[in-house]
Each structure stands twice: as structure tokens, then as C-alpha cells.
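Submitted below is the structure of interest, expressed as C-alpha cells.
Should a chain be cited, it is by its letter among A, B and C, assigned in written order, with residues numbered from 1 in that chain.
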Amino acid sequence: MEILSPPLIDTLRLVLEFIATAAFALSGVIMAARKRLDVVGVCVVGFLAAFGGGTLRDVLLDQRPFFWVRHVEFVWGILALSLAAMVFMRQHHIQPTERAMQWPDTIGLGLFAAVGTDLASALGMPALVAVMMGVTTGVFGGVLRDVVCNEIPQAFRDHRPYALCAFAGGWVDLALRQVAAPEWLPVLACVAVTAGLRALAVWRNWELPAWRI
Amino acid sequence: MEILSPPLIDTLRLVLEFIATAAFALSGVIMAARKRLDVVGVCVVGFLAAFGGGTLRDVLLDQRPFFWVRHVEFVWGILALSLAAMVFMRQHHIQPTERAMQWPDTIGLGLFAAVGTDLASALGMPALVAVMMGVTTGVFGGVLRDVVCNEIPQAFRDHRPYALCAFAGGWVDLALRQVAAPEWLPVLACVAVTAGLRALAVWRNWELPAWRI
Amino acid sequence: MEILSPPLIDTLRLVLEFIATAAFALSGVIMAARKRLDVVGVCVVGFLAAFGGGTLRDVLLDQRPFFWVRHVEFVWGILALSLAAMVFMRQHHIQPTERAMQWPDTIGLGLFAAVGTDLASALGMPALVAVMMGVTTGVFGGVLRDVVCNEIPQAFRDHRPYALCAFAGGWVDLALRQVAAPEWLPVLACVAVTAGLRALAVWRNWELPAWRI
């Protein structure tokens, strides 16, 4: 990865970010379709799932402008995607399977966790808060999506590690920062650990301890 | 309208704003009554419906003080209105009909959309974001009201254009700003287009395309 | 109380604050257990119940850093408490009774109301807004807990005075400030009035007027 020139890395990162944002938005559109929302609801829930986590993080950290104000083309993209997905799902009576969403969602969780942890850490937040901000960025888009759709957030009742993967990834990010690694290493490690753990959790069917009835 | 002196316009606007705020608050009180909330719930939900949209917009745009901090007499008014409406509804076993609410709600949507779009536009937000802030101002009071009352927001599942009217009005506002119209024209046009489209949608029973079962 | 030296008062206040925060967190853990959330859900809902009210107040008043950023040891404490409570409840099939929670919750409401009213008042907020910020601090942790767990907030439908006690306490706080009482008196009075009214409401089984069916 070191041999990639910086602009190429930047482009790669923006492409990955768009894929991740799109995956999160799609999860919102699917939820909105299940709840038979109208076209406004589909777009709002898609937007919330895509940008809600980062926006909540920026409100808590008092950062402006938001990502979607700086990159308004992402909002157009998410609106177009939401509408296209809605039309497609209406015409074909099919929904993107959960499995098809798994990969972009996993990468998205890793990217968002790394971005959030890094930003909070750069602002001098205590370690635990920085990690929490990474988790918030990755997870709270889905939480807002579920709350607006009148469901208990999946991230809180799924019993399959999701937020916990971002939590672990965040600590790896901060730990590598301590040992003066090259600048890009902690970010990359956070993405890899978060996404890797999540992929493992899905693949090996890991389950968090449940309540006995 | 040009012949009205500025103070008269200001007074007119404040009166309209109070009517609109009151209409939104009443929608909250009615929802709270349906859910059998207590007096605290009635006042909070009335407050959320009335001021929630503008407050969320100001948090996102990082604007302080809020409208209800600058005009604390509006809060007293909304509290008194919520209590009076609650007492009235308990004694007479009647609720304001949805039809009676239609007009103030329609004007409120127009006014709030214009105020939100204008503020965001004056702060240099990109066009799409400014329009979204107008929609947020007009619509998210009702969204918060519904979320707190454990309902999927009506604005997202009603299939009757509501947020879309504010969306259209916002674009008209921004377009007129480009052609150097007199200062008051874009605002007035936004109110007229938003409220007009909404009135048409209700009168002609327009419906957004629904999901097939 | 005047004879206590300032550091002792500070320590006492921090101890009381931790007890109150812990009581609020426990109410979140219990709710999460009822809803069969996983370990992530338990910790997040515990955190929301404990810090949600103060955080919302600080977002509205544009104050940073948050209490839990300044006192990150409180977050560790709440995380540990949530996990311990979860393990304990799983092993013993018992839940802290509502009665056992009553006292710390009552003291917490008083403390949080006083802290919120004081902060808003010191920032020059109008009296009504300052009192509302006190109520928000005391009550909205529980509101967020209930919204995330897909319930209508207990504070809005319980018909037993809770937010109203904090409302009354806030006005007492502000009134005493007018008569140039010693600095600590308004705070103490607010805690005493809020907690006292709440204790009376629970003990005497006070009920707010309900809707007739």
C-alpha cells in the first residue's frame, strides 16, 4: 500500500466511502420498503442511515460543516440511489438480499469507525471517548434508521458482534498511534480489524451471550 | 403587498408565525391525547411539534439562540394553549377535527419552509442543503412528535405530498434569489408555492405512488 | 451545611452525582433487560439513561466539553456497572426492584434539575428556559432510554408527578437567586424541593388528572 501515491489513496478512499455510504443508505431503503413508507420516507430513512452516524458525531464534537454539506454530491447520489432502489424494488418485487449487503456494510463499518476515531482523537478527546465516537459514526446511522421506523435498533439486540467490532478496531487505532506508526497505518489497521472481526462474526456465526428466558 | 410599511409586514409575519406554531402545537396535543399521555407529556409533545423542526435546524446549522429562547413568550403561549386544549378536550370529549387543523398547518408548513430555506441560504449553505433545511424546519416537528409517541412519522408514510411541497417551495425560493428579485419576493413565493401545493394535494387528493402488496 | 469546607462539599457533590448517575444507568439496564437487548444494547441504553439528559442540555446550550468527556472515569464506571448488573441479573434471575431504585432516582432527579437550571441560568437564559433545561437534564435521559427501547416515555404517561417536581424545584432555585441568598442555597433548595416533592408524590400516591375513557 505504501507505493500508492497520495492522490490515488485519496481517490481510493473516496470511492470506498461512497460504496460504504451507499450500502448504509440501501439498508435504510430496505427498511423503509418493509415499513411501506412513501417516497419521502424512503429518501429520509436512506439519508439517515447513510449520514446519521457521522452527523451525530459531528454534533457531539461540535464540528461543522458536516460531511454531506462539504460533499453535497453525495447527497444527490444517495437521493438518486434511494429513488432508483425504490423503483427497482417495486418493479421486480425483489429486495437486495441481506447477504449481498453484507460486504459493503462490513467495509462501511470499518471505514466509518476509523474516520470517527481519528477525528475525535485529533480533537484531543480522551481515548474512550474517541473510540465511542468511532462506534457512533459506524453504528448510529442504523440506530436512527431503526428508531424512526419504530423498531428497537438491530445493533442493540442482534447478539451478533457489530458495534463491538468497531470498538475493538478503535482501540487498535489508538494503540498504534502511541507507537508512532506511519500516519496511514492506524487508520488502515482500524478498518482491517473492524471489518475483519465483523466478517469473522458473520462467517463463524459468533453470538453474544443471550438472556435466559 | 409592496405598499405595506415594513413594521406592518413584521407584525403580520409574527402573527402568522404564532398561528402556525400554535397549529403545529395543537397537532402535538391531539397526538398526546390519543396516546393518553399525562399533562407533562401533552406539553412536551406540543412543544416538540411546535419548535422541534426549527430547533433541529438550528442545531444542525449551529445557530443560537433558538427561536424559543429569543421569543420566550411563544413558549408561554404554547404551554397555555396545550393546557387549555387538554382541559377543553377532556371536558367536551371532542377533538379539533383534522379538517379544522388543515389550514393553519398548511400555512405553517409554508412559513417554516421559507424561514428555514432563507436562513440556511443566508449562511452560505449549498442549494440542496438550504432546501433540506427548509423541509426540516417544516416537517421535523411532526417527525419528533410521532417518534416520541411511538409512531412511524406520518410525513414518511402518508403518501399525500407534504414534505415534497416544502421541497418544491424551497427551490422556487432559491431560484428567485438568483434573478435579484426584491428581497421579500422569494420568501413570499416559497410560502405561496408550498402552501398552495399542499392545499391542492389535500383538495385534489393527490397520492404518491404506493408499494404494491 | 455552612460549616463544611468547600472541598468537602465538592467531594460530597461528586459522590452524590455518581450515585444519581448510577441510578439512572441502572434504570436503563433494567429496561434493556426487559427488552432482551444484547450486551451492546445494555451498555448503550445504560449510557443514554445516565448521560442523555445532560448531553441534550449541553447540545441545546452549545456547551462543550460534555460532562462525560471531562469525567471519563464516570463512563468507565457506568460501563462496568452495566456489565456487572447484566451478569448479576442473568445469574440470579432477579431485577433490582422498582422500590430499591426509588431513592437514588429521586435524589438524581433533584441533583440533575439543580445542575441544569444553574448552568442555563449562569448562561443568561430566560427564567422559563433555565427551568426547562433543569427538567431536560433530569428527565430526558429516561426519555431517550424509552424512545430507543420503543416505548412511549414513562415521564410523559406515568401520571405520577416527576418532571413537574423538577419544574417546581427549578423555579424555587431561580426565586432564591433573586434575593441574593448565599451561593449554595438555591442549588440545595432546588435539590430539596425537587426530591422532596417527588418523594411525597410516590409516598402519597399523587396522580395527575387522567383522560376519561
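Just so it is clear, a contact is a pair of C-beta atoms (placed from the backbone, for glycine too) under 8 Å apart; a residue touches a chain by one contact, two chains touch by 3 or more.
Note that the structure is predicted; figures quoted are calculated from it, not measured.
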Touch-based graph of the chains, sorted into line, ring, star, complete or other: complete
Proportion of interface numbers common to chain A and chain B (over half same, under half different): different
Between chain A and chain B, centroid-to-centroid distance (C-alpha), Å: 31
Residues within chain C bordering two or more other chains: 59, 62, 147, 150
Residue numbers on chain C that touch chain A, as the complex places them: 32-33, 35-41, 44-45, 55, 59, 62, 64, 66, 68-69, 72, 75-76, 90, 93, 147-150
Chain B residues touching chain A - in the complex, by the definition given at the top: 59-60, 62, 125-126, 128-129, 132, 143, 147, 150-153, 155-159, 162-164, 208-212
